[in-house]
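Labels run A, B, C and D following the written order; every chain starts at residue 1.
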Amino acid sequence: MSDKPKGKLAFYWAASCGGCDISLLAIDEKILDVAEAFDIVLWPCATDGKVRDVEKMADGEIDVCLFNGGIRTSEQEYMAQLLRRKSKVLVAFGSCACEGCIPGLTNMNTRQEVFDTVYKEGSATMPENPQDVRPQPATKMPEGTLHLPIFYDTLRTLDQTVEVDYYLPGCPPEAENIWKAIVAILENKLPPKGSVIGLNTTVCDECPRTRGEKKIKKFYRTWEIIPDEETCLLEQGLLCCGIATRAGCGALCPAVNSPCIGCHGANDGVADFGARLMSALASVIDSDDPDEIRRIIEEGIPDPVGNFYRFSLAASQLRRKKKVVRG
Amino acid sequence: MKYAYYPGCSLERNAAAYDHSVREVSDLLGIKLQEIDDWNCCGATEYFSQNELAACAVIARNLALVEPQTDQIVAPCAACYLNLAKTDKLMVDHPEFGKEVNQCLAAGGLKYEPGRVTVRHMLDVIVDDIGETAVRDKVVRPLAGLRVAPYYGCQVVRPIDNNDNPEYPMKMDHLLNWLGAEVVDYPVKAHCCGGHLTQISEPQAFELIRRLLQNAQDYNADMIICMCPMCQLNLDGYQSRVNGFFGTEFKLPIMYFTQMLGIAFGIDPQKLGFGKELVTAMPVLEAKLGGLLV
Amino acid sequence: MADKIGIYVCHCGSNIAGTIDVEEVARWAGKNIEGVVVSRDYKFMCSSLGQQMIEDDIKNEGLTGVVVGACSPHLHEKTFRNACKRAGLNPFLCQMTNLREHVSWVNSDKAAGTKKAKALIFAAAERVKRQKPLEPMEVEVNPATLVVGGGIAGLQATLELADAGYPVYLVEREPSIGGHMAQFDKTFPTLDCSACILTPKMSEVGQHENVTLLTYSELEEVSGSVGNFKVKIRKKARYVDEDKCTGCGICIEKCPRKVIDNAFEAGMGYRKAIYSPFPQAVPRIPVIDTENCTWFTRGKCRVCSKVCPTDAVDYDQKDETVELNVGNIIMATGWKLFDCKRIPQYGFGRLANVYTSMEFERLCNAAGPTSGKIVMRDGKTEPKSVAIVHCVGSRDVNFNPYCSAVCCMAALKFGHLVLEKTKAEVYSFYIDIRTPMKEYEEFYQRLLGEGMHFIRGKVAEVTDAARRPEEHGKLIVQAEDTLLGKQRRIPVDMVILMGGLEPQADAKELGLKCGISCSMAGWYTERHPKLDPVATMTDGVFVAGVCQGPKDIPAAVAQGAAAAARVAGMIAKGIVTIEPIVASIDEENCSGCRICNDLCPFNAIEYDEEKKVSRVITALCKGCGTCVAACPAGVITGAHFNNEQIFAEIDGILWDANPQAEVEIASV
Amino acid sequence: MSNENFDPIIVGFFCNWCSYRAADLAGSARIKYPSNVRIIRVMCSGRVDPTFVLKALADGADGVMIAGCHPGECHYINQNYKAMRRYEMLKHTLSAMGVEPERVRLVWASAAEGQQLAEAIDELVGDVRRLGPLHWLQNWDENGQRQKALDDIVKEHEEAMEVSA
């Protein structure tokens, strides 16, 4: 590898928790191989680098950009567009960039509601705000106007904003998968553009539990039962997303007796992760009586969006909750 | 088991025996009856044909008065039972009408959410909720040898579905069987007693009453067991007039099923209202059940 | 390869062109839909000229897909697929969209119709671009046939096929074939002796070289599909060795245990614990009723074994499962009588002299318990008056809403027999008298002439509660005479309840085994109520007789013969083509979650324990696509209805749903 | 909101055997009903993937009708029950997403029920018209502020660059 001229690598963090930045470090000493192969031109979390420097680069000058986080503000959108322009290969890194992830669940609310929660009702970061101070997109100062990026009503995934070349799923992506992706990039053995780097089967494939034919009479929430450790969790009534979630994690959660929550997103060709779960689970409900079916669903799944779209709401067909038109 | 209790006007007056025996038997079977505070008349049958909204409002007031923690109401009187159940059903099936009824109730500061309270008849509570085993367990004085004709009348078995065959109900047959009585297959068990026809056209009413008495006699029944104050009044109160009218000699006591339960359970007949009937039951009870009664 | 799509919009005379501007639709499609190279409208697309036009375009333009906007694909999909095929284009690259039944005929506003037509054409075009060539599969047809049910319909079907030289397995649940018809005395309206016309057919079946009779047997399991079904039949233990028994009947004669016969004699007569249901039974091999046999219940007796000259009685016999391979199945499972006890006010089971129609059949049967004498339950008194109640459990929303079709005629037959054999007055209480078939109305007129009384009114109750002295000791039938507008109370000695026909108790369960469904009432669903009353939705499974719906003997016979003809046609052809619209699982990516395993009613999905993947058995798949929609991993594909195709169809059908989209498309 | 002039677009997913034929029958019988429902044929209501419905709504449909054989009369024995279960599940989720569940309807129509189907279509079109347009795409836009905010950033950065240069 070292014979080649060094490539340029950027790593950017938009609307996400920061876990992806840390996960990159979880490849341990291999990060040195990365540093050997690449000049890191931008990694705000770990290295010094200026947007201005990126702006000055020629288009396509960056070889690989690993972009984590969804697009929630105008600044993030600007950065996505900028990095797209400057990068040969743009990778949606981690669940947030791929499908919105937990920040995407804010799509159940609007900016107004989010701000009300944070600034009016109080939060850990802003316990008191008697003057109801809100972020303003523009503030006139004697020296000129200062701009804050605007906060969008709807979080978008990276590929809803710019064209994405590859996807690396997971919240966060597992170290070995990150390494595999980096090796693929270094060895120029990348799959066709638009591919997800990873397996195309679901978590069940990696889950050691015994599975039988499925019939569900009641859905349980995780605190309601202590599941048997050998049998398929779904068959025990727990809403395990493993049936629909892309494999690659080694069935981490089911291995510790906890149902899969779906962080790896859907398989190739699936147009709506939640719909896959809804359809599969509904199909095996053990009742033909509409009232009973309704009861099983309503009692067992009080928060359908949280259960079916925990990671993928922003990437779903509907993307968000219907906004109430005011006035 | 706890139920709101709606006695209705008849049970305060002519059907006091029904009320007493219902309360006695319920106590013994562990049925907790909570009488509705400040209940009012159900309007009987006539009011419905005069003004449906007002009739329903009058009835719904009783439903609205049922305490929030109770969701079942028991009415022993067949007319009360039907009126309460019918009003609830009308309000459920026709939400607009339900709203109108609630507008009336609002005048008294009340509100009834249709479907909140299930209206039950005493017979259904004992047969369906208490059940065979619990009833049989309580029998200390089986009614062996007593031939009884179960008479259901028309209002409890139809039109509201109480889980029995409306044309040929069997619940009371079963219950009396559990008490050890000899139940006759009484084919007119769901025929009409004449209702208020006694006030309008005596010959017609008397003919209806006669058929019921005649059939019980044809089957050698010792007494007719009923579950409705109106039926009891017609068959018992008019029995001597019917005898006079047709030249017959019926002497059939007409008792409430709860009174028979009470007897079988060993409750003092006095407490069950025995003696209030016009065709006295004592001779036949003594003859058939021996000295057990005292 | 770039798409080259041809769009063909039919006028259907003025049927479509009347409310859709077809010329505009064709013009618009040619201009606005990507990949469209030809777009035409034509007066009658299904005409030979219209078809020729499509064929020419396929050849000349090298079309890769054809969209025909015309009538329902249920009418002409085959026509246009064949046209494509003739021109060398795979028929599955032709997509029809329904502009007539779904647009022009249901709509009178031309602008709205034209807009809707454009959307449907757009959708079909987007879809056809993603359609794949498919080839139908061919399988060989096993010439053996399974007939389930040995009543008259099943017997007829069996004989037709056997006579044509094909092997038939006839399965019957009872110890003898014959069905309900064997219980009847006379048949309406000709008053033929039922046994006289039935028993020759029974023995013919029993002796036919091509028929394998499996009586006292039940259909247990069906797998496979048209042409190659595998069926499992459970032969219940008779405790009599079929090979040794000669049918001499001495065991029956000597058996000391008498039992009420609730089956053949409808509770009116007795049989022995070892029995053959009736003298002309086929086969004549008796069975032991273990619930009543003294040896089985008390460990004593063994008389039958001792008297048997051929040592055929075998108390240790066990149920046996027979596996058969057949190409087709004919279901002729018949019916059961409505349980008259469900209407307690009619008194059956409570009042002695209330009879069901089946009891009465036995009562007047010369071979029945009274040797054909019509007497009351005391066994000696002849009734002086008889009431016949029609529609017991039929045409009644509380029980069965349908008309049982045969009861009116059976009631007339009973009326005739009572009048012929006794001096009784006969009263028929009916809602409507229904006599629509050949010589049925004449029979009704004959009964009117014979003096049977007809009272038009649904019976309220049958009671012994007398109101007047003359009613004492009688059964009183009360009904409103709707012609007189009066309540009538007719005191009679005997009442016959004309119980309706109901599906067999296990019809649904049995149907599921071979993949056929039941109507709301429980009758087997035919493929088409008018045009295909013998086939079912499952290829290779046919229905005959009352199990498909109430009918009389001639209709059951005709249907049995029709089903046989259909089967014979398939056997003669030798092969059957199966539509290639099936599901398939991408085994490489299947994680074996097993969500789909229990979803297929045709058992077409199997789970490979070793590889831990699920798999579709193509021959069994009927192509409904339920598993496709259920697969959480998205690895099941439905041929011709895959996600890509349906997504494209949704995109196309909503071409004008977003104002922006309209602009974009206009600029294409 | 007055919706009299609103002409909703409704996507229908009809099973091949009963409901599609019911629509054929409505046509043959010349029963008139609103032209707002555009029918997509699937082999069975059991083929209807919730994704179809979500996609149709996201792509601009104002309502969706799923039609199948009556329970117990499914051409594929009982697959319509699976459609029913999915429909209940989907409605539960749609409610949570703020979509009025009345916009999505499951109806049973046998091949003989052209009239009933036309009535069901009439009713759904009326209900959707009352609810007004869904216009899902509008849910995604940022009230026109997005482009301006982006332009502002570009401008600010350019200005900043100029200063440093």
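Just so we're on the same page, contacts are C-beta pairs under 8 Å (C-beta built on N, C-alpha and C of every residue); 3 or more make two chains touch, one makes a residue touch a chain.
Quantities reported herein were computed from a predicted structural model and do not represent experimental measurements.
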Chain pair, A-D or B-C, that carries the greater number of C-beta contacts: A-D
Whole-Å separation of chain centres (CA-atom averages), chain A against chain B: 67
Centroid spacing, where centroids are CA-atom means, of chain A and chain D in whole angstrom: 28
Chain centre separation (chain B, chain D; CA means) in Å: 54
Chain centre separation in whole Å, for chain C relative to chain B (CA means): 49
Residue list for chain D, restricted to those that touch at least two other chains: 49, 51, 55, 78, 82, 86
Sequence positions of chain B contacting 2 or more other chains: none
Contacts with two or more other chains, residues of chain C listed in rising order: 599, 626, 629-630, 643, 647
In contact (per the touch rule at the top): chain pairs: A-C, A-D, B-C, C-D
List of chain B residues in touch with chain C within their complex: 165, 167-168, 170, 185, 187-188, 211, 214-215, 218
Residues of chain C that touch chain D when the two form their complex: 72-74, 98, 100-103, 105-109, 112-113, 115-116, 119-120, 123, 512, 515-520, 525, 529, 537, 581, 599, 601-602, 622-626, 628-630, 638, 641, 643, 646-647, 649-651, 653-654, 656-658, 660-661
Contacting residues of chain C [partner chain A, same complex]: 588-595, 597-599, 612, 626, 629-635, 643, 647
Contact footprint of chain C on chain D as seen in their complex: 7, 9, 11, 17, 20-21, 23-28, 30-33, 35, 38-44, 46-49, 51-52, 55-56, 59-61, 70, 72-79, 82, 86, 111-112, 118, 135, 137
Parts of chain A lying in touch with chain C, wherever the complex brings them together: 200-205, 211-215, 232, 234, 242-244, 247, 266-271, 276-277, 279-280, 283-284
